[in-house]
Every structure is written in C-alpha cells, then in structure tokens.
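Both of the next two complexes hold subunit A, though its partner changes from subunit B to subunit C.
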Partner chain A sequence: MSVRPDVMTESVVDRPAPKRPYLKGRWMDLGERVRPLQGLLRWRSFQFLAILPNLFLFYFFILAALWGTPVGNRNIMIVFVWILWWFILITLWVPLAGRLWCTMCPIPALGEWLQRLRLVTVRFASKAKGFKNVLFGLNRKWPRALDNIWLQNLLFLTLATFSALLVTRPIVSAFVLGGMIVLALGLALVFRHRVFCRYLCPVSGFLGLYAMTSSVALRSRDWDVCVRCPTKGCMLGSENGWGCPWMVYMGKLDRSNYCGLCFECLKSCPNDNIGLFVRPFGVTETRILHLDEAYKAFIMLVLAAVYSVTLLGPWGTFKDWANVTETGDWRGFLAYAALVWGACLVAFPAMYGLLVKVSQWASRWRGRRVLVPASASANGAGEPDFRTLFLRFSYPLVPLGLLAWIAFSLPLFFVNGSYIVSVLSDPLGWGWDLLGTAHVPWKPLIPEWVPVLQAGVLLGGLAVALRTGWAIAWELWRDPRRARWGLAPMAGLWLMVTVGFLWLFTG
Partner chain B sequence: MVRNVLVTALLVLAGVGGGVWWARSTAPPQEIVVDVEARRYAYEPPVLRARQGDVLRLRLRSTDVVHGFFLEGYDLDARIVPERPDFEVWRPSEVQWAEAEKRGELPTKTESSVEVSSLQGIRRVREVVLRLDRPGRFRYRCSHTCGFMHPFMQGELIVTPNYPFHVGVGAAIGLTLAFLAWRPVDPSRRRGTSS
Partner chain C sequence: MRWKDGLKEGVALATLLLVFVGLPWALRAYENGQVRRLATGRPVFTVYANAAFGTWTTTPLVGWTYFWRKPEPAHIQVRAGQPFVLRITAVDVHHSFGIPQLGIGPYDVEPGRFLKLELKVDEPGLYTFMCYTVCGRHHEKMMGTLEVVGEGQ
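And now, the complex of A and B:
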C-alpha cells in the first residue's frame, strides 16, 4: 500500500502543535498510555460505583456514632474517619491524586442524584438553549458575590475551632457530617450543579488548594480544539455526559483547584480531547490568583500548627481550652478561639505581608545597583507590584502546608492505628468480637521513628517551597541578583515555619 | 544545573554537620528525681529534659481517674490509680494487665523502686528508675482509656543529644542558603520538557 504524500504532509508536517499552556516540565498523558484507564473513567457507572460503598459506610458510621459508645477511640466513626480516612486522604490521595476523594465522596451524592433524577444515565435535551442537560429543582445561579472560597475558609475555621470536640465525640462528628449531607441536598434543589462542593464544603476548600500540588491533573489535550468545538459539551453537557458539575470550562483550565475529578468531561467531550495527566509533585502549578486562595494557604498552615499544639502537644492548658464541653472553661475557650482566628486571619497574614514588602524593597534596592538586563526588558518583566508579590509568593506555602499536615498526621496513624484493628471487631463499642481482634491491645507502631519521618517530610516540604519560590522569583524579576534579594525574606519565612514545626514535632 | 545540585548537597551536608555539632553535650551524667502527676488529659510536668547517661527516677501519681504511662523507646507501661503513692509497672509493654488481673497474677507487695533494665512482667512500685541510654525525644502517653481526649494525653521526655531536631534545623538552614545561591538554568539546556 502506497503512502499518499499529501496526507503525510497534512497530518505530520503541517499539523500545529497542540496548545497546552499548562504544560511545564515533565508531563505524561496517562489516558493515552493506559487506554483501559481511559475506558474505565469514561464508563458511565464509574463514579456511581465509586460513591456507593462509601455511601453505605458513611451511613453506617453515622448510625454507629448515634447508637454506639460515646468513647471516641472505641467507636468506628472516630477511628475510621479521623484516623484512617484522614491519614489516607492527606498522605496519599491529595499528593498523588489531588481531589480523588471528591470523585467518591458520598456527601453531595444524594443532592446530585436528586438534581439529575438519575443515578447513572444522562438526561439530554438537544433543543435546549445553553445547558443540554435537564436538571430538577429551582436551577438558580450561585450569587456572583459569593463566587469565591471565603465561605469555605470561614466554615473550615469554624469547624477547626471545635476540632477537639469533632475528632473525639462520635455524636459531634455525626451531626456535622449529617448536617453537611442535608445542606448539600438543600442547595442542590435550589442552585444548579455542585455549589455545596464548590463554595461551601470545608473539606473541598483545602482539597482544592492542595490539589495544585498533586501528581495527577485532568486537562484539555489541546486548547485550540476546545475553542473550535461547536458544542462545548464539557461545559454544557451532551447525550454522553453531564455538563461540568463544578462549572469548569476545560478549554481554559490550567489549575486543579476547582476540578472535582468527576470525569464527566471525559464522557461529554465529542473530540476525545480530555486527558488525565501525570506530572511532578508540587512544582508545575504555582499560581495563586485570588486573595481568598492565599488566605486558604495561610489558614491551613496556621491550623496545622494549632492542631499540633492542641492535639499532639504536651500542654494541658490548650487541651482544656479546646475541650470546652467537658471542662466548662468558656473563658479559656474564647481565648483559644480568638487566638486561632487571630493567628489565621490577622497575625500570620500581617507578618507575611510585611515580609512581602521587605522582599519588594530588597529587590528594588538591589535593582538600583544593577542594570536590568536586556533579556528582562524583552520578556516584559517590569517591577512587580505588592499584590502580585503577595499572591505569587503565597504558593510555596501550599506544598509547605501540605507536608506539615502529613507530618502532623503520621503520629495520628502510627500511634493510634491499633485502634483500627480492635474497632473492626467491635465497631460500636458494644463488646462484640466479630473478627477476634476486639481485644488487640493498644500499641504504637514504630513510635521512636515517627519524629525522624516527620523531620524528613518537613524538609521535603521546605525543599519544594524553596524550589517553587525560586522559580517564582525568577519569573517575577528575570534577574538572578534581584530574584535572590527578593526571595531571601520569603525563604526566611519558610525556614522559620519549618523550624517551628521541627520544634513542635522533634524538638 | 550540576552546579546547583552540588551547591545544595554541600550546604545541606554542612548544615547536617553543624546540627550534629550543636546537639553534642559534654556535661557529666546526673540523677534526676521527678514526680509526674497525671490528670485528664495531661501530665505535669509536660516535658522532662535530661541528657544521655542521666538516671531518671520517676514517681507517678494520678489526681482524677486511672491513667496509663506508656513510654516510647523504653517499652515501658504503667497503670496509675488515683490517690495512691504506688503504681503498677511492666515491661515489655505487650504484657496484658487486664489478663493478669483476670488470672489473679497482679503483685500484692509494693516495692520501693525497680530499675527498668531488670524489669520483667508486672511489679507494684513507688518509683521506677530509668538509665537514659538512648538519646532523642520520647513521648509518654496514657495507655488506659480515660475520657474523650484520651488519645491525645501525652508528655515528652527529651534526652539530648536530640539529633532529629538539631540535624533537621541544620539541614533546613543549609537547604535555604543553597536555594539562595542557585543560578538560573538556561532553558535551552533543560532536558525532558514535553510539549
């Protein structure tokens, strides 16, 4: 069979390179490499089957919390949710797969199924203008003024203030998680798509932030194909898939913050233009765009320190303040709440802002002493303003914060992991011994090695923060000396944060 | 790129070396007597500091409910009953106090003190003696469910030289200085960039 020269010319030589502005460094299209995975993700039942077991477990945990023992370390709700689930989520799912938990989360499932009036299949109306899927409910649009994650930030801070109660009392966990189901259900009937997940869910807020670091990302393979696509099926829906429940347009997506990995776009795209990409951890997606996202990074980092002091620290006063329903020390609790909120929303951002200002002065001062190279002018690198520096330099706090949370979570699992084995046999604390493991004694796993592991994890976080911070400084100033002077105050902050956590965990 | 990697490796190694030097101690060993008071959900004092080679005499008390005292690194566990001057202590920690109680094997006689290195099985004592031959940070935790916050009831025994902390801080400083000394890499010489 002869090769037609004209076809060769068109397909190989003249075909433009795919437009992928989000690609920096090493990326791999996992969907192209592993075709069965692409097939699995396109399978309409995939998400339903991923949610279903979690939904059953979730309701069982709530029942166990309501009817089982109130002693947290003997109740499956506390042991499985706040020890096992949390550890897997923060140490594996988030760094490796970003928002993979959102794929299988049972909390918004009932609301979404009711909104769609379908469990698996798609309701399609070809003549409809705009959205091609038919949704049940009032179908209102989320208010524009709330199109940010401030509500998530405040809700997460509120939950964090009561965290000592949340993670030790099964009944509190049941009411909070049950309340989230009810809220998600109500919102699904009023607003279109997953507004609970996108704007309110406290877990989704930090998953979105830390998904920026993850090694997996869903992206359009070629933005130009999306621009030319007449149907915009990923956004508006098609007969094969629902329009993006997270309200994301794949043709412009270059950050993972708000992509919930539901994989509907893989099904609805008529051009096979959506791929699941694998990329290096933490260093490719380094743009914080808005103040609410920067504050999320501050809040998460400060809360990692607060939890480390309150829950893992040896100081009884903080535990007494946080454990207010048992101690009755409401004055202490108010002081604790004021400390937490003040540190997250005022003290840390103020210190950070001051260092950003110092960074700006330092680079300007250095700039007076050196000639800006021609390459810098050619690249359009001017003098970055305070807001740009404030937002750009907040990204390194994301890998730093995530690794601090992993370091915090290690002793939770290694010290309290043996409760998982005993609770498996007696999930409600009623004296059962289903698997013969109910009386396995509490025994910490490699406790002497935990501080060493924590130190290694914290140093890893600092390395990624410095690496990305250095790249950001270079992008901002395009001159090594000015970038170095601009980076120094911020690097000092990251070092200080790391030493603080080292002291908390190993010092 | 090679220069950056070399600079990073050298400065981190220098930081680690500085951390080891910082952590070392030449003071002579001493004997420390501490009364540890357990209450919901903390120990008083919350942090015990000592040097490698010191001898630590621990007297454990509880002021409210039954608490445990599991000491990491020394595989020691204890049961502290409120308002009693003595306590039950055992090693290895796998020994089941509840099983021993069922079998009626709990000690009835109180000894004035026991040295941890010679401890086997359950003993009732007024004082436990530890020769601190292992440096590092060891937590002591409550091992008997004592209330809602029980899994978070803990204290710290810090035996210097505490290498994970000092070496960690040294490495962090070295790492930070290394990145400040980094030079930009010519993008045309970077390998493995896909498009």
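And now, the complex of A and C:
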C-alpha cells in the first residue's frame, strides 16, 4: 500500500498498549477478530444497501396507511411498525446493538442524500481547513442553545401523549413518519449534517440513552493515534468518507449516545483506527453528563409506567382518558396529559432529587467518624456535590428503564403477534391472501409464560441497576461504608420501582 | 466524478426511482388483477360499513379518506337476472350484512376483512340491506339500497 502524505507512517507494532480509557471491563474488537466485518463496514455502498430495504418498507407502510384499511390491526403500518418493529427495536436492537437502527433508518436518508448529492460515493474537496466534503444546502450551524436533547425530550413526550392515536390509526402514523421525513429533509438543506437525528428525532433520544448500556460500541482504537492524527478525517471527512454526520469526534468518544453507527468514520479515518467493540450488556463505566439526558431517563421510566397502566393495568378511567378519540372525553384527556407531563418533568425528577439529597446526607452522616483518606479527597472522591450525585445516580435508571420497557413490550408482542402473520398475507386490508395466512385467527402466544418472562426481565434490570449503582457509589466515595449509605436511598427507590412494575404486570 | 463512481450513483439512483414508482404501481396492478379475477365479467361493487355515520356506502373509505369524507348511503343499481359481486368490508367495528327481502344473510362483516357475495336477483324492485349487529349509536340508520331494474326500464 502506498503511503499518502496525510497518513501517519508510524508502525502500529512497536507502540505500547493502545490508550483506550473507555475500555474497563471485558471488550473485544470485533472488526479485528472478524476481518470481513471490518471490510463490510468500510464498503461505501454498505449503508445505502442497509437503508434501501427499510426505505422500501417505510414507503410501503405509508402507502398502506393512505390506501389501505383504516383498521389498525389489519393494516401493515400499525402491525409492522408498532408491534413488530417496536418489539425488535426495544428487545434486540437497542440492548444488543445500540443505535444500529440508525444505520439503516430511512427517515433522514432523503435529506442526507440531497445534502450530499450522492447516494454511495463521496464528494471531496481538498481544502486546507475545515470540512473536506462539500455539502449542498445552506450549511448553517445548529444554534448552540439547542445543542442538547431537550427538543427531543419534548417531541417525544408530545408523541407519547398522543400514543393511543399513533398506535391505532394508520393515517396518524403515516403523518408522523412522513412528517419526520419531510422535516429531516428541510433541516438537511438549512443546517449542516444530520441535525434532525441529533437534536429532534423523537426516537433518537431514547435510542441514544439506552444505547449507553448496549453491547456494541464504535470507538477509536487508540486515543494516542487520534491525538497525533493531523487530518481528523473521522470528523472532517476525507476522500474515502464523509465527515461524521452526527458531529462526533472519535478521538475523544467514550460514550455511545450520539454516534449513529453510520460507519463513515471507518471509511474516512486514514489510520484504520476505528473499531467496533463488543462488551457484555449493562456496562457500568459510562455516565450521564447533562441534565437533559437525566430527564430523558426519567421520562422514559415514567412513560413505561404510564403505558403499563393504560394498556395493561386495571384502571379503566385512566385508560379512557388516554383514548380520547374513542371516548371524545377531551377533559379527561387533558387531565391525563397534565398528569403525564407533570410526572415526567416535575414529580419524578423532584422525588429523585430529594432522594439524592438524602443519599448525600446519609453518606456524610455515616462517614463522620471515618477518616477520608487524603488521596481520595485529593482526586475529587471526597465530597461529591449534589449535581454530580444527581447525574451519576440517574444512570442506573437507564438499564432499569430499558428492561422495564422490554418487560412492558413483551405482552404486546405475544398478545398481538398473530396479527403479524395475517397482515403479511393481506398488508392493506384489501382482502388479499398472498401467503395463505390471511385468515389465521387472532391468538395470544404463550400467555401463561409472559408474566414469568416479564418478572425475569424486571429483576434482571434491578440487578444491573444495583450493580451499576454500587460501581458509581464506590467511585464517588471510595469508602465502603459511605458508599453503602449513599447508595441505600437510591437502591430503595429502584427496588420500589421494580416491585411496582412487578405488581402491574403479574397482578 | 470518476466514471466508476458515476456508474455506482446511476445504479443506486435507478434502484431508488424503481422503488418509488414501482411499488405503488405493483400494488394497484395486483389489486386490479384480484378484482378482475373475482369479477369474471360481472360488475363488482365495493361496500364499506361505517359505524360512526351509520352507513353502508360505496364512497371509498380508506386510510386517508376515512376521517374527513362524508360517506353517502349506498345505492347499487343492477339489472334483473344479471349476476354481480358485492365486496363488503368494515372500516371500524364488527357489522353484519343482510337483505331480508331476498333472504340473504346475515353474514359477518369484520373490520379490515372482505366479505365476497356473488348474487343474482331476478325480480325487479327496490331492496334494502341492513346491519344485524348493534354496532354503535347509529346502528338503526344503517341501510343501503339495491335497485334491481327490469328489462326495458
């Protein structure tokens, strides 16, 4: 291989162990183990080919929603998106592969292709400074004040409030999905990169949050190589790949939240310094850094509870409030919306804050007679402040919430799964029978096992939360007694949340 | 752009266009084929049962029209002795279809499913079809007419 001038020529072999501060537990560099995989991910047409079938399906779903039956469980839009896709996403994609959905998601694709004026190849302009790819459009920068996921949180809450409509009316789903595609396209022409994905997509917020726990993560193989890398191709682009559409700099990345796994940096890094790593599920090393992310964790957990109550729980009134189109009870719906928003944005965070206060106080009180080692206070482990505690202790809600969502989704899938089989043969409710399965009767699958599965998943979530919580408490206080007392109030809440879900699911 | 890149882009773009044009075309073509096969030369009428308005209607009620289109009560006209086909579906809840004067039905009409009836009426006249399942507030109103026109009329 000829060496281009912008490539570092140092041999990788005689360097010391690579610097990977994010690698604490057991990790494996999948691309190094399985070379063909690295090759596949570096193949320029890979993402296009991953998106294409999904674009085809989304287009099909939207057509089905427009032309097909308005009956939700006989229309492929509802059955495939809200029963099948949702289930696969939450139970497999996110826990195992993080944002892998974003690799193949068709929603931002049209905008991105228009921005690039390319589908598979790269446009390269060897400018001395800045981005090395030419993007079509106004190329504006996203406002700093919105460089967070608050908008995503609000959009997600809005959609979640109307979820009863969204998941039963094909046309509503079509407008929401279509609207997302149009919005992504419009924004792609005004702003540089995938700002829709990064800042607005309602799915993105929870994908990013829950991807933190996931088994798969894309990272720079060696931060030292990045430090000395002159081109920063991963971020700025090169002749082989676009600059990161998610505005992520690989050379410092140690969390999975905002890398959309588009695998451009694998192509654009001239030093082959990007690896796809796998690790066991439920890492403890990662952390929530900002309040918007903590709120995302609260919102997701509260919504899992709200949906469990409205869809599986015993209280009819609350259920009726949520289903405004069937009951026409707008007052009830307003009450429902206010309750949901209040619980997500005020009540739960306030309660959490209070418990963090208790935790802070308990750890101090029990630690009074303990001499804090000088080394511990010197490296900042002495007295964590409220903000630090609050953010650090919000992370265990991520595995807890993800597994609560999985537990909640299990009955939906197993109860409604037979619709998938019949809708396959008659996707638009037009009376077709493509595969001879159109008249398979509705039948819940393994109903007697679902509560058992749910209980297992919930307890697994609690276990991961406690393990993570302990790792965090230990890191914060470096003293077993203080850590135990500091963790206790939080652990109590996680336990109560789990018991609450168990009670909802198993009656 | 190198010619090889251009070729790749061209193939990708062609695939996209094919998908965008081909899919709706294929759906329509398949549906038309289904209806033609069912019809075998006979006239086919599609009837939608709607509980919200309490109507049988031939106004197409599909995903995007269901919410705003006011369905007209069905009025189906056939010639006496002429075989014809009714395709009946429900757009919301369970209904059942029958024409009491002709001793037809009641048959179940399930939401998102199609009931196919092959009929022939020899006696000219005005027949009323109705719903036999209490399907909502407007259930009583659920009536449509089948007008059978005699020879020379």
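Keep this in mind: the second predicted complex is superposed on the first by the 482 of 507 C-alpha atoms of A that agree within 3 Å, B and C clash if a C-alpha of one lies under 4 Å from a C-alpha of the other, contacts with A are read in each partner's own complex, and residues count from 1 in each chain.
The rule is short, and it goes like this: a residue touches a chain if its C-beta (ideal position, glycine included) is under 8 Å from a C-beta of that chain, and two chains touch if they have at least 3 such contacts.
On a predicted model such as this, the values are computed, not experimentally measured, just so you know.
Asks: Looking at the overlay on subunit A, is there a clash between subunit B and subunit C, or do the two fit?
Replies: fit
Asks: With the two structures laid over each other on chain A, which partner does A:455 touch: subunit B (first), subunit C (second), both, or neither?
Replies: First partner only, subunit B.
Asks: A:74 in the overlay: touching subunit B, subunit C, both, or neither? Say first, second, both or neither.
Replies: both
Asks: Taking the superposition on A as described, I'd like to know which of subunit B and subunit C A:281 touches: first, second, both or neither.
Replies: neither
Asks: Looking at the overlay, does A:444 come into contact with subunit B only (first), subunit C only (second), both, or neither?
Replies: First partner only, subunit B.
Asks: Just subunit B (first), just subunit C (second), both, or neither: which does A:136 touch?
Replies: A:136 contacts neither subunit B nor subunit C.
Asks: Between the centres of subunit B and subunit C, viewed from subunit A's Cα centre, what angle do you get? Round it to the nearest 10 degrees, please.
Replies: 60
Asks: Please indicate which partner A:494 is in contact with in the superposed arrangement: first for subunit B, second for subunit C, both, or neither.
Replies: The answer is first: A:494 touches subunit B but not subunit C.
Asks: Touching A:66 in the superposition: subunit B (first), subunit C (second), both, neither?
Replies: A:66: touches subunit C, not subunit B.
Asks: After superposing on the shared chain, does subunit C or subunit B touch more subunit A residues?
Replies: B
Asks: To be precise, I mean the smallest distance between any C-alpha of subunit B and any C-alpha of subunit C in the superposed model; what is it in Å?
Replies: Nearest C-alpha atoms of the two chains are 5 Å apart.
Asks: Of the residues on subunit A, which ones does subunit B touch that subunit C also touches?
Replies: Residues 70-71, 73-74, which sit in both footprints.
Asks: Flag every residue of subunit C that touches subunit A in the complex, lowest number first.
Replies: That would be residues 1, 5, 8-9, 12-13, 15-16, 19-20, 23-24, 27, 30-31, 34, 61-64, 66-67, 87, 89-92, 111-114, 116 of subunit C.
Asks: For the complex, give me every residue of subunit A touching subunit B.
Replies: Contact set of subunit A toward subunit B: 17-18, 20, 23-28, 70-74, 164, 168-169, 310-316, 319-320, 323, 326, 415-416, 419, 441-444, 447-448, 451-452, 454-455, 458-459, 462-463, 466-467, 469-470, 474, 480, 483-484, 487-488, 491-492, 494-495, 498-499, 502-503, 506-507.
Asks: Taking the complex as given, what residues does subunit A use to touch subunit C?
Replies: Answer in residue numbers: 44-45, 48, 52, 55-56, 59-60, 63-71, 73-75, 77, 118-121, 170-171, 174, 426, 428-432.
Asks: Where on subunit B does subunit A make contact in their complex?
Replies: 39-44, 46-47, 70, 72-73, 93-94, 96, 136-139, 141, 143, 145, 147-156, 158, 162, 164-165, 167-169, 171-173, 175-176, 179-180, 182-184, 192-195
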